[in-house]
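Before I ask anything, let me first share the structure, which is written out below as structure tokens.
Chain lettering (A, B, C and D) follows the sequence in which the chains are written, and residue indices restart at 1 in each chain.
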Amino acid sequence: MNKFVPLSQAVRENLNDGDVVAFEGFTHLIPHAAAHEAIRQGRKDLTLIRMTPDIIYDQMIGMGMAKKVVFSYAGNPGVGLLRRMRDAIENQYPRGIETVEHSHSAMAQAYEAGAAGLPLAVFRGYKGADLPKVNPAIQSITCPYTGEELATVPSHRPDVTFIHAQKASARGDILIEGIIGVQKEAALAARRVVVTVEEVVPDFKGLHPNLCILPHWTVNAVAVVPGGAHPSYTHGYYARDNATYLEWDAISADRERFAAWMEEHVMQATPDAFAERVQGL
Amino acid sequence: MNKFVPLSQAVRENLNDGDVVAFEGFTHLIPHAAAHEAIRQGRKDLTLIRMTPDIIYDQMIGMGMAKKVVFSYAGNPGVGLLRRMRDAIENQYPRGIETVEHSHSAMAQAYEAGAAGLPLAVFRGYKGADLPKVNPAIQSITCPYTGEELATVPSHRPDVTFIHAQKASARGDILIEGIIGVQKEAALAARRVVVTVEEVVPDFKGLHPNLCILPHWTVNAVAVVPGGAHPSYTHGYYARDNATYLEWDAISADRERFAAWMEEHVMQATPDAFAERVQGL
Amino acid sequence: MTDFTPTEMMTIAAARQLTNKDVCFVGIGAPSAACNVARLTHAPDITLIYESGTIGTAPEVLPLSIGDGELCETALTTVAVPEMFRYWLQGGRISIGFLGAAQLDRFGNINTTVIGDYHHPKVRLPGGGGAPEIATSCGEIYITLKQATRSMVEKIDFYTSFGHGDGGDHRQRLGITTKGPTLLITDLAIWRPDPDSKEFVVHSLHRGVTRDMVQETCGWRVRFADSLDETPAPTTLELETLRDLQARTAAAHSGGRRAA
Amino acid sequence: MTDFTPTEMMTIAAARQLTNKDVCFVGIGAPSAACNVARLTHAPDITLIYESGTIGTAPEVLPLSIGDGELCETALTTVAVPEMFRYWLQGGRISIGFLGAAQLDRFGNINTTVIGDYHHPKVRLPGGGGAPEIATSCGEIYITLKQATRSMVEKIDFYTSFGHGDGGDHRQRLGITTKGPTLLITDLAIWRPDPDSKEFVVHSLHRGVTRDMVQETCGWRVRFADSLDETPAPTTLELETLRDLQARTAAAHSGGRRAA
């Protein structure tokens, strides 16, 4: 099995209609190129998991691909609201979506529990908060030692997780550095893992022994997509394109403008376009 | 508060009779110098926590300092049994000790839960094993989502944890690298943290952003003790002194020889002796 | 220096509350500005933590997002997000958590989730992010907010994060062991909870602010302390530090290409 | 090559069972030798994991302990021990776990904890270490052991780790989803569990070994497969690889100062 495949093939072979999927990245390393490929391929009825659904989930929701979103903060980071997601929730446009809402702590620990092969995460959370009243997935257990009631959430077990990373080795091992977010956990919690990378290097020899690495045998497909996180950033490669995040607020505010933008910049584009988008960043 | 103090002061100010204490290190970075200082100061009635109590706990038990040992593997790594610990368990010499026995998985996750501020660790473990029959601390919860029965253990919350590390910054931040074991978790789970280090450097600037670091404000005292892990090793500084581990088997086999060895090499020695012991390793 | 905006006063008043010993869980916006002004003036050793995993960070410019590269590049270390929430927040290592609010009540309960009914919202807001556990895990909570009757309300639509609940010992009754909101700094005043009822009480008015101005922009009937202070105006150093920081930030964030 | 010891045969027979696709959780001793012989001969891409946190390691010499520096220096990456047990072992990522035994019964149940009563032991052994969860979390378990009536017993004194329990579907009845012991390689023979009863059955005798020799060194009544193979003798490559590895190991570990 050759792990290194074009992005279109990686998405086609690993993402199916109806899948539970996580495209993860915590501000840093957001897999925009992979998300755009999924949009081009027109996948439907997806359950989208992400701590911070930002532009890419706004785009997928706006394109009508999502039936459910599992999340903890639905904002355009540092800018404002997600307008396509709001339109879906408030006006069922272009379709209604189900939302399953958590706190960051719950989402992070649900990924962690998924990576650890457990059916649930146990944590101290949600005390006095209203989310447990509207999210029946939030339950509790009683500590057999202290009697304390602790919150539980089901662990995340995506059918497939997409992430973007700095480097793959020739064998397909993946190196992530900088703000590493929940990507390792989101990958290890999933049945299938697809990674886009900036570049391939022969091996990771000489690097520090304790870096964040996914061994090749935990990864199903690797696609080399320079710039593949744009307008998010890749530590050591290019900076965040803040102007594009600001611009999204206006694009997403209008249904027609959104549709036109998606047609031009996603539907009629290819993964190669990302390398050019990060020139000069 | 000056964090940098002589080892004798660090031990005197942070370890009390009757304390629950962890001297952690997973083969690598075992805090021998700190343990010897505790022996010289004659602390009593300690509850000793460690995944792999090896020579240092054999020495403390042989000196009659421990009332209880919480552990998962009581061996001289790669050599054999711990003869002083056996003598205490089998013959109550020099005193009887209580043992609380776990698996590695349980111990590691109990430290992790302690670091996470939780009263318990929840994991899939002990299925079909006899330890739950002899260790009443092993309990279970039922997953509210799947109905699976999962094992629980109380989290570790030592009064004080001692570890050895490569470097402190001038401010007292601690860098651990190589086989990092459970030291970060054991430190963060404890009320007080004492670290011996090989050396002090001005800062950690220019190092990789994702290294294993304890910020200075999580650490109570730092003592500079070059060679302080001997006969364990410090990655990047000196190798493991395997001959000494082999030799311990014979020393510890005989009560008189043990007592004489301890008098000469521990009671009459000082922390400065460690630097010389690692010459040429 | 005599000329300053209410938002500048709010940010600087918040900065003054921070010390070298504090470990702050910093959100984007006014809290981030306040924490960094404190770091650049009287509290150089303060530890700033952003939920993206950056510990002990010292950004030259304010981040636009919680995970900007600058935060990582200037941090002592950067940990995974699950570790951040498990070992550092839930582990009880943060002394001060900052929260903002779309809606706030007099007991420091906060809504950033929805306006209207949760299932059929008038406005769907971003949601809580880290707030539900920040509110209960940090040693104490500082709230910053621009006053408006729309946001300072008698009754919030959704408890995104718990403050003092119905007041009194409500936190303790829920088994919460941290202090909760101990400070509310608005663009007009500094508020602290009454020791018993836990209702926010105005203790200090910013320069030029009247009691009426505070009441007119607040949706509940405001209590004022018996002895009411005037918040010291920003010093030259404070104001220059804040404005320099914001100028550097504006310059840095105007970069980037326009097309995507 | 005609001259080899029973232990060499045991180690090499175990090595042969491993493939490039395997992810092995390696213990010290015979398993470590077997895994590295496999890596140095027919399975160069095998992934070896030691519980100290070293993933994808390729040591030049065999480690004396589970956490020797050599393991870290040659590993793809080294993770914290809690992560090792949570994400990698409990996470179900290990295909083969190796276990040794102080006492073993015919169903692959293992004791390394105590001889005699737990609370008043005749001999206090080191204990289970990782074994309780290795036995249930790895895809399957290979056991290596030198035969002796003292160690291959009718009834073990303590279930340190669970094999097939009382046999049959006992694992499934406990909710364990992994295969458990699928192979027992001793210095005399290769054993596999009966598909139904799960009792270990001898399938292959090492060269020069008789049925009587197997029975005399085993504390339970041995079952032999209907068609009994002879284990192919070590090849020159296998034996030289093992002996070179052990010679390098002996040279490396004789270093170190004598005084402590």
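Here is the rule we go by: a contact is a pair of C-beta atoms (placed from the backbone, for glycine too) under 8 Å apart; a residue touches a chain by one contact, two chains touch by 3 or more.
Just so it is clear, the structure is predicted and the values come from calculations on it, not from any experiment.
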Each chain counted as touching subunit B and subunit D at once: A
Pair with more cross-chain C-beta pairs in contact, given A-D and A-C: A-C
Geometric centre distance via CA averages, subunit C-subunit B, whole Å: 40
Geometric centre distance via CA averages, subunit C-subunit A, whole Å: 28
Whole-Å separation of chain centres (CA-atom averages), subunit C against subunit D: 57
Contacts with two or more other chains, residues of subunit C listed in rising order: 72, 78-79, 86, 90, 137
Where subunit A touches two or more other chains at once, by residue number: 112, 116-118, 123-124, 148, 178, 180, 184-185, 209-212, 235
Touch-based graph of the chains, sorted into line, ring, star, complete or other: other
Touch relationships between chains, expressed as pairs: A-B, A-C, A-D, B-C, B-D
Complex contacts: residues of subunit D adjacent to subunit B: 28, 51-54, 63-69, 71-72, 78-82, 84-86, 89-90, 113, 118-119, 121-133, 135-137, 158-162, 165, 170-171, 174-176, 253-260
Of subunit B, residues touching subunit C in the complex: 112, 115-118, 173, 184-185, 188, 204, 209-213, 215, 217-218
Residue ranges of subunit C touching subunit B (in the complex, touch as defined): 21, 23, 47, 55-56, 72-73, 75-79, 86-87, 90-93, 137
Complex contact set, residues of subunit B against subunit A: 116-120, 122-124, 137, 139-146, 148, 150, 152, 154, 177-178, 180, 208-212, 235
Subunit B residues within the subunit D interface of the complex: 26-28, 51-52, 71-75, 77-79, 81-82, 85-86, 89-90, 101, 103-105, 108-109, 111-112, 123-131, 134, 148-149, 178-182, 184-185, 212, 230-231, 233, 235, 239-245, 247-248, 265, 277, 279-281
